[in-house]
Amino acid sequence: MSERRYKKLKTAPQLKKLLEQHYLAAKYFHLGKPIAWVTSGAPVEIVRALDIFPVYPENYGALCGARGASAAMCQVAEARVYSPDLCAYARSSVGMMSDAKHAPLGGLPRPDLLITCGNICGTVLKWYEAAARHYHAPLFILDTPFIHADDGEPTAHAIAYVAAQLEELIAFLEKQTRRKLSKEKLLATAMLSSEAVSLWCDVREFCRARPSPLNAPDLFLNMAPIVTLRGTKECAQFYRALKEEIAERVARQVSALPEEKYRLVWDNIAIWHHLYRFYNHFVDYGACFVTDTYTGGWAMRMNDQGDPIHAFARTYTQVFLNQSLRVRVRDMADLITRFDVDGFVMHSNRSCKPYSVGQYDIRRIVTEQTGKPGLVIEADHSDPRSYDDETIRARIQTFMEGLR
Amino acid sequence: MKNKIGYLCTYVPEEIIHAAGFLPVRIAPSTTPPTRADAHLQSYTCCLARSCLDQALAGRLNDLAGVVFAHTCDTMQGLADIWRESFPNLFVETVVGPVALNSPHAQKYLVAELRRFVAALEQHFDVRVTEDALRASIRIYNTRRRALADFYARRAEFSAVQWFNVMNKALTTPPEAISDRRSATSNQQSAIENQKSKIGVVLVGATIDEPTLPQILDDLGARIVADDFCNGARYFDTLVAEEGDPIEAIAARELTRATCPCKHRALDDRAERLLKLVKDNRADGVIFYHKKFCDPHAWDYPPLAAALDREKIPHLLLEVEQVAPVGQTRVRVEAFLEMLSEG
Amino acid sequence: MPQEFWRWKEYNWHAPDIAWRNAKIITAGVDVGSVSTQAVVMVDGKLFAYANRRTGSSSPDSARRAMDCALEETDLALDKIHYVVGTGYGRVNVPFAHKTMTEIACHARGANFLYGASVRTVLDMGGQDCKAIKIDAQGKVVNFLMNDKCAAGTGRGLEVIADLLQVPIEEMGELSLRVEKEPEPVSSTCVVFAKSEALGLLRKGWKKNDVLAAYSRAMAHRVAALLKRIGIEKEFVITGGIAKNSGIVTRLEKELGIVARKPDFDTQIAGAVGAALIAKKMKDER
């Protein structure tokens, strides 16, 4: 397994501990709290406020990818006649459901509840249906209508629909847990969530500095608590510590790379199974991924004014993967400008159609608008069988030589 | 003035388009391999998306005044935006219907979304979609649905290829022209023979867009006794209520008609429906007819196969690209039919 | 003349002491595959004669040649055969066949005859495709899965590698097992890429046997995936030409955790045997 060739973070052990504790707690120490499997775009604040323990199968999928266990888990799913063309996170998860013994960490704990929110993709609906059938656990679907509008504004009726469903979700969870949701607890959880998100935004913004204090893999790894621990005190504490460390790096002009010669933007989910090997190809050229479109997905802020349900409805409907091609062009161009980059790289991810379909057009339009060149790499976020290092290295070489 | 508006998915409300003065026509994949679509769509998207876009890029859909999408799968979601980029002056809209059909709020949401769609049509084309026009369109489309249901009731009189041609034509011709169905050549005698001797199969999938499989079934002497295709039985499933508010009625149909895997009503509703189709039509087996890279149907396959296995109903999976390869499809179907006749 | 490494031996066989003139039913099965053609003649349900020949560019000619070859050293003529069933890729092109059946039905029946009624899972690795067939005690098909989209588990795939490595196809299996340490499998069994990947390995200094091992391992893995999808039940047997490749069979057994019953006959004839038996059943029913 390759090693990272750029600066290690002081908070890295803290991150590791935090995530390990999360998985351990999920398996052993949830103290009778009901376990809910939730999608990464679900309003977990409501779940936490009701003292339900959230677990993230997508994060587990990334873990399988990073540990090189994805192919084996996917093969278990394929033996159960799931198509090899389906999302590798989902296939890993289905494989784990059938064969937890051989899965990393012995698999995820059984869900008492399933909450799926379609704001990231259509796959999570089908994946969670499969989980519901397997575990006979109650399933709640939060349907967040896709926003095709150029300005990224959802329709009023979409927000009303989502808000009404959030009330349903609360009623559903109250019934399942036989508890009542405390509005104060919800607000407190939402504020903790906002705080962590705000700190994370600050961390990401620090990378506007020249040289950048972080490279994209740092962003991918450090994003994990925002997804899996958002709404907890530990999460906010961690990002406070991380922000301090990064602020210090910027103050001392510490570069993530030994020598930053090029600045790039990354689009799509990370290539988990070859995380360091792949990004090291760019490090070879002194190219640093100073920002990306993926880790900012959880950089939405909520304010404490007005009705929290309405705020959740807006926040969770406007997640970037629920937005149109034009909004994604706008956001990419904005990152290119604000982070002063030389080019961008888009991962055409076999496993993630909502993120990848449209990339060819986005690449063309963004280059037209910003004058910066873009490269498309064909791979998969989790299944290594779709990764061809030789071909990819050649394409990176051509692209980087074009940047010189 | 162009008087046709194209759509790809049958969740698009044809009555509304019709009431606005346009003929809704289904855009279907052709049998020509795409050449231009690769600049916009990855190879891991389905042939339906790639072929339909390709036809548009090749200028073969220039007689359309607009294209309307419905929210279904991730590929269609992305395709709608890609289509807008490629044709900036074309009316391109998506009716973002609910996915959670079991939500008590889905109807209210869909009604508002349909009204938004109506307003978009009115504004772009400078037309008025009146309540009367909607009612009239609903009646016309219901008549077509009934006619197709009648045709299905007599399907034993027709060959599989004939069935394919009728359905294929139906979705691109004006709904007013329904008389063809009744006068289509039929063979009463073969109907009687068919009931007795031939093996009957139920076909399940998204869409069937070329006749290779129907031709093979005819050649091998098997009959399609029922199907669960978007451009087959599910197209005309459930009528729209002709009383009450027309938009409410159109929305209600969308929520109650036979579902496709992109929508959720209950965990077992598709399996129950499939088992019922097999039992009611005394089918000998089921053939899944899937397009490669069609995620929603691929997801439903394991639970549907399991439901069939529990009832000991034999089934076969065909995964095809743009045109089903004759030799490979034939040997599988032939072996499957041999298996059914021995058992 | 340069050695054609992909070429395997063509041959025929006949039973030394079956009196066909007193027989009730004489049937034949002809399996016209993309790579090889077999003709099998059965007399009252017993193997009488068979031949295995390479398929040429014309299916009807290949069928005739195989038939002639099977009957060559006997005094039985084609016109004395009561019923012929054609099977395989070229089944509709057997001019003297009375009926056709797919090779799936025929391999099922053939495996049942050749191996016995306890067989439940048949893996046929043929010239151009690979099939997993579940059968019952009568040799009837219960379920099947095919892979005809890629070269994994097919003769064509092996022929390309045999030619590339200049190794006679009959020796590939044994040679692939003579390695010190089992190498990692090649990443792609796609014949298009495998060829260039194998060349790459040779250039890196890999020995022929190790390349064979890597390729065999990848192939076995793909075939195992097919079997897992359909579910393997004992007894498990392999038919088709590749059953003779010990390198693939051994690795397959290891990955599946099940041993295949070893044949004491030529596995390539299973389809034609099944066809001849089905021909007998059809003649019986008339």
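Lettered A, B and C in written order, each chain numbered from 1.
Following the convention adopted for this analysis, a residue touches a chain if its C-beta (ideal position, glycine included) is under 8 Å from a C-beta of that chain, and two chains touch if they have at least 3 such contacts.
Just so you know, these numbers come straight off a predicted model, no measurement behind them.
Novice: Relative to the centroid of every protein C-alpha atom displayed, which chain's own C-alpha centroid is closest?
Specialist: Smallest offset from the overall C-alpha mean is found for B.
Novice: So, comparing C-alpha centroids, which chain is the farthest one from chain C?
Specialist: Relative to chain C, the chain whose C-alpha centre sits farthest away is A.
Novice: So what's the Cα centroid distance for chain A and chain B, whole Å?
Specialist: From the centre of chain A to the centre of chain B is 35 Å.
Novice: Roughly how far is chain B from chain C, centre to centre by C-alpha average, rounded to an integer in Å?
Specialist: Roughly 41 Å, centre to centre.
Novice: Return the distance between the CA-based centres of chain A and chain C, expressed in whole Å.
Specialist: Each chain reduced to its C-alpha mean, chain A and chain C end up 49 Å apart.
Novice: Using the touch definition from the top, which residues of chain A touch two or more other chains?
Specialist: Where chain A meets two or more other chains at a single residue, that happens at 80-81.
Novice: Check each residue of chain B and list the ones that touch at least two other chains.
Specialist: none
Novice: Pull out every residue in chain C that's touching 2 or more other chains.
Specialist: none
Novice: Under the stated contact criterion, what part of chain C meets chain A in this complex?
Specialist: 187, 225, 228-229
Novice: Mind pulling up the chain A residues that touch chain C in the complex?
Specialist: Chain A residues touching chain C: 75, 78-81, 385, 388.
Novice: Would you tell me which residues of chain B are touching chain A in their complex?
Specialist: Touch residues, chain B against chain A: 39-42, 44-45, 71-75, 77-82, 84-86, 94, 96, 98-100, 102-106, 108-109, 112-113, 116, 261-262, 264, 267, 292-293, 295-296, 298-303, 305, 317, 319.
Novice: Using the touch definition up top, name the residues of chain B that touch chain C in the complex.
Specialist: Counting only chain B, the residues touching chain C are 314, 327-328, 331-332, 334-335, 338-339, 342-343.
Novice: Hey, which residues of chain C end up touching chain B in the complex?
Specialist: Chain C residues touching chain B: 89, 101-105, 140-144, 146, 148-149.
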